[in-house]
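Next, two complexes with chain A in common: one pairs it with chain B, the other with chain C.
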Partner chain A sequence: MEFVFETNGLTKRFDEVTALDRVDLKIGRPSIVGLLGKNGSGKTTLINHLMGLQLPGEGSVTTLGRPSAELGHDELIHIGYVPQEIRLLDWMTVEQHLHYVSCFYPKWDREREKRLLDELELEASKPVGALSTGNLQKLAVILAVCHHPHLLVLDEPVSDLDPIVREKLLAFLLELLREDEATILVSSHVLRDVEKVVDWVVCLDEGRVVTDSALDELKERYSRWRVVSKNGDLPEIFSEPFVIGQEVSGREACLLVENGASQIDAFRSTYGAEIVERPLNLEEMFPVLVQKKSSC
Partner chain B sequence: MILVVDPHSGIPVYRQIVEQIRFSVASGLLEPGEEIPSTRALSAKLGVNPMTVSKAFGLLEEDGVLERRPGRPHVVRRRRGKSIHATRLEQLEQALRPVATKTRQLDLEPDTAVQIFRRLLEDEER
Partner chain C sequence: MLTLRPFFLLVGRPAVFTLGALGLLFAGFTVTGLASPDARIAGYFDAVLVAALLFPGLAGWLAGAVIQEFQHTSVAMLLPGVRSRIASGFLFTGVVVTAVVVGSIALKSTTSMNLAVLFAVGSGAFCLGGIFIDPLSTWITGANTVLALLLVGRSQDVSELVIAHPVLATALSLAVGAVSFFRLFARSTFRRKPFVPTSPLPGRYSFERSRQRERRRTIRDRPKKIAWHAGYLGSDSRRWVRAAFHEAHGAHGWKAFSKGVSRAWGVGLLVLIYAWADRGEMGLGEALARSIYDALFRSPHEPQFGEKGGPFLMVLIFIAAVGAVKALYRPIALHAGLTYPLSRSGRARVHFRGGLVDNALFLLFAAFVYVAGHLTGWLVGIEPRFDFMPYYFRALMLTLILMPLAYRGRLALLAATRRGAENTMLGVIFGVTAFVIAVIVLSVISAGLLVPPLAELTVLIAALVVSQWIYRQSLTDYYRAADLA
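Presenting the complex of A and B:
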């Protein structure tokens, strides 16, 4: 099996809304992939397709080597899934729920379960129905990882968790990657968290894949230039193709550039300007990645 | 070895690791023959993706700063005195580049800048 999941021309429409538009993705090897996009961009729909919970209108989805519509026992025992809307059995206690779910899997790591309950400070005897949203999220994660999945899919897993618990969870995802060589797909709005752990970034915009790159490559691709002219005013508008955002004021300008490294010397001499270059982090890059539109 | 990385800085984490290890070796904080933590240990300690650490180590190997040993953590490569000196000069030049830019932006003469720099170095000595 070459890829952990793969989509080819995946398209899904709901009446007039195109939720996914010819999505081509291939995710392989142990990796942590960040799935980003504005609300309504198709992230949850894509995840639902990977899990076989929704079926393609056009195109195909393959998860762990099988068409997602046909995922069976042999694949499901290797997948862990934390949905955005967590629905668990309210009337059970945390402990009972864990025990119940563990019966579905040939192997269940009780040590990991115990350690996570402890680290995430979740009381085993509490009824699931009485858990706060944050604690529900914690339980959902523990339920998804004790069988040592090869593929872990998390849809907004940290939105209700406090910073300390989020930190612990992210550290655990890295541990999963290291120890289990899992492939992890995490969709989250908390870009600062995503940035700490992912090595690959996929961005959706209106159902289309607009970014599909290594995080390092993105950081090297985009940067901000503070430009100061040594002789007189700068042009009102820079029309160079690598300038994707700009703010110009007299002798000064702030430019957002894409693949600007090879252009910087020529630019300096063309405009007789000093340039101070600053890289962008994921949060700063997000508007550019998602819409290729930007301001400084 | 103490490494500090900032995943939010916009500079890829692997590059931060490479630069800090290069600096540690150039300044003698890491000595030739000294062992570096394993990829696993370092990624756990820094809380970063192990692939990032792997990438950094790979580059440092290519540059001849670190040496790979099968089944064991990397070590700092023993290098000739001359190339350590060259590395130190490179490090200093890199650090001074933004200062040179600022000097030009402030429309100051190189000699003025050198005078200030010399005074700063002498102040430190005291």
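Presenting the complex of A and C:
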């Protein structure tokens, strides 16, 4: 299988700081991948490597079948990118900027451009320098998608957007996945939104990959148990290895469990308790993924 | 034509035409001046060669600046075929500009230099202009400056070499052009540019050092002790002025400031060129000292001050320009985008006092220039002359009187360009030019009035007080109503 991007032992150091530490990733298409991690965990550095904007210290990066340092015309016409820090040509109007960027692509979808301008309520005649941060983000998204990319990389694309536009944008990403069969990599801290669209999650912590898994798998793996004892107080601490977080108060407890589905019956009978199980959402899961422990 | 379009879409805008027109004027005046049959400079300059270098070089600089500005956007790096398309537009422009310049030379003047060789020289200059100010390396910028000064300063010698060795001159020019072109468009350097957010063109002109260079410098020059801490702050506005100085001149305070001043190596290089040109039988030390003195007080390359003889304009222009740049570039003031536990009237007060410190620093610098000039002359046995002093003092006072106007103009410019629609750099260029012209014109008028010195001094001091008072009032008004974020 040919992967959309692939990293092998990717390591990047800046002076004494190791931004990426032996990152091994393989992402196929089509899918929407959520790239998660704390601030400074190496997300943007990884994206820069995938886009060929930074080069590996050690290891290799391949994007669309080619080393990312050598990405050429044939690959770049299939890549869309929305960076975290958006810098555009301030002196152009929105319309001029779209026109300018379109010059570089053999296929530019004017209809998609027009539809997105309307849906995202972006004024085409406005100078780019006069756009608010949110509107600049909208423009960057439009610039990145109108050539029907096979790989779309979005680095914090929704952080400055209002909830209505965020919804529209996420719906559009799903449409893009269907129409263009694109692979979309989304790095974001707005996990509630990301969760609605991603099917794969990669989580970085201090430059290392700590999770590389399907979202559904993660939801099966991690859950929250609401435990109510029928026979007096529960123990102060549960020492079962699958319990990774707990809050106990007399007869009631809230437990975070990893791979607990197969243990639930045994646990119920051991403690004589009622258990209500609920899978964790991505926001609740995040501290577990990066720290391997969490409070309830 | 389709592949040239991306480049011309970037170039075709008013800011580029305005800068181009300014460059054309500058180059035109320079070449016309050098072509004049002045016996004193005729031996050093070849106006034809300077024209073949200067016009394409400036055009290349402008084209390179446009490209670098584009490279600093976040979209540029990943556009398919971006390097080849922009490079083809750059080359096409270089060929056309150089052809026009060489064609004009062929029509307007007589030269022994082969036109094909001149075309190669012009093409090399165009490409070199593209990386003249290299955001990735101060060394390349420095080397380019030295090369340009040498080529222009010794253009007569260079043109003789070009005539004697046309093949070598062509090969060298094309090699310089090819290396510069590669430097501008190589994949590796092209990739590195987006992380250097220095926009060299108006629109978002940043006077700040690029982030990477700043980072490297900070690591290299890490202060030995904590240069600033919150305990320094208080209600005392002197401490706030100190904070403003810290903001304007960085973590290294006075050290960085003095370093910045001492790094005026461009002026040093100019002096070196003078020294080389006028050296004759003198030793280098003596020639250098004489050149410094001459450059300051007896520049042979500048027009005389009216018909009076003696004093020359150069040092006056220099002093006025330093004052204008000091006021417009990085004055001591609190950064507008931050919030401080300081009232609006307090900020006005700090801003005003910061200006006073700036004025004092400028005065120190002017005194240093004057004393150093005389000291250098004295070292090589030139009798100190003080007949020039009134001219110098007058220009100095007028600069001080007009500096508040420049400070206030800067605030207006920042307010006008806060939304990024206008051209900050153009405003600064026009501001400095207008300031220098104003100081020189007022100096000439003032000198021509033949008022008794004491009366003139009284008027100048009164004007200085009034100008500072108006500035103080205007700052209070500004901070009462301005958007500070």
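Going forward, the second predicted complex is superposed on the first by the 295 of 296 C-alpha atoms of A that agree within 3 Å, B and C clash if a C-alpha of one lies under 4 Å from a C-alpha of the other, contacts with A are read in each partner's own complex, and residues count from 1 in each chain.
Keep this in mind: a residue touches a chain if its C-beta (ideal position, glycine included) is under 8 Å from a C-beta of that chain, and two chains touch if they have at least 3 such contacts.
Just so it is clear, the model here is predicted, and its values are computed rather than measured.
Asks: Mind checking the superposed model to see whether chain B and chain C fit together on chain A or clash?
Replies: Chain B and chain C fit side by side in the superposed model.
Asks: Per the contact definition in the header, classify A:Arg278: touching chain B only (first), chain C only (second), both, or neither.
Replies: In the superposition, A:Arg278 contacts chain B only.
Asks: Touch check for A:Asp199: first (chain B), second (chain C), both, or neither?
Replies: After superposition on chain A, A:Asp199 lies in contact with chain B alone.
Asks: Quick check for you: in the superposed arrangement, does A:Leu25 touch first (chain B), second (chain C), both or neither?
Replies: Neither chain B nor chain C is touched by A:Leu25.
Asks: Is A:Pro83 touching the first partner chain B, the second partner chain C, both, or neither of them?
Replies: Once the two structures are laid over each other on A, A:Pro83 reaches chain C alone.
Asks: A:Glu175 in the overlay: touching chain B, chain C, both, or neither? Say first, second, both or neither.
Replies: In the superposed model, A:Glu175 contacts chain B only, not chain C.
Asks: Which partner does A:Gly129 contact after superposing on A: first (chain B), second (chain C), both, neither?
Replies: In the superposition, A:Gly129 touches chain C alone.
Asks: By how many Å are the closest C-alpha atoms of chain B and chain C apart after the superposition?
Replies: Comparing every C-alpha of chain B with every C-alpha of chain C, the smallest gap is 27 Å.
Asks: In the superposed view, which residues of chain A touch chain B and also chain C?
Replies: Touching chain B and chain C on chain A: no residues.
Asks: Could you please specify the touching residues of chain C with respect to chain A in the complex?
Replies: 2, 5-6, 9-10, 13, 15, 69-70, 72-75, 77-82, 85, 191, 194-195, 197, 202-204, 219, 419-421
Asks: For chain A, which residues count as touching chain B in their complex?
Replies: Result: residues 31-32, 170-171, 174-175, 177-178, 192, 195-199, 215-216, 219-220, 223, 228, 230, 274-276, 278-284 of chain A touch chain B.
Asks: Looking at the complex, which residues from chain B come into contact with chain A?
Replies: 7-15, 40, 43-44, 47-52, 55, 98, 101, 104-105
Asks: For the complex, give me every residue of chain A touching chain C.
Replies: It is residues 15, 51-53, 71-74, 76-77, 79, 81, 83, 85-91, 96, 99-101, 103-105, 127, 129-130, 140, 143 of chain A that touch chain C.
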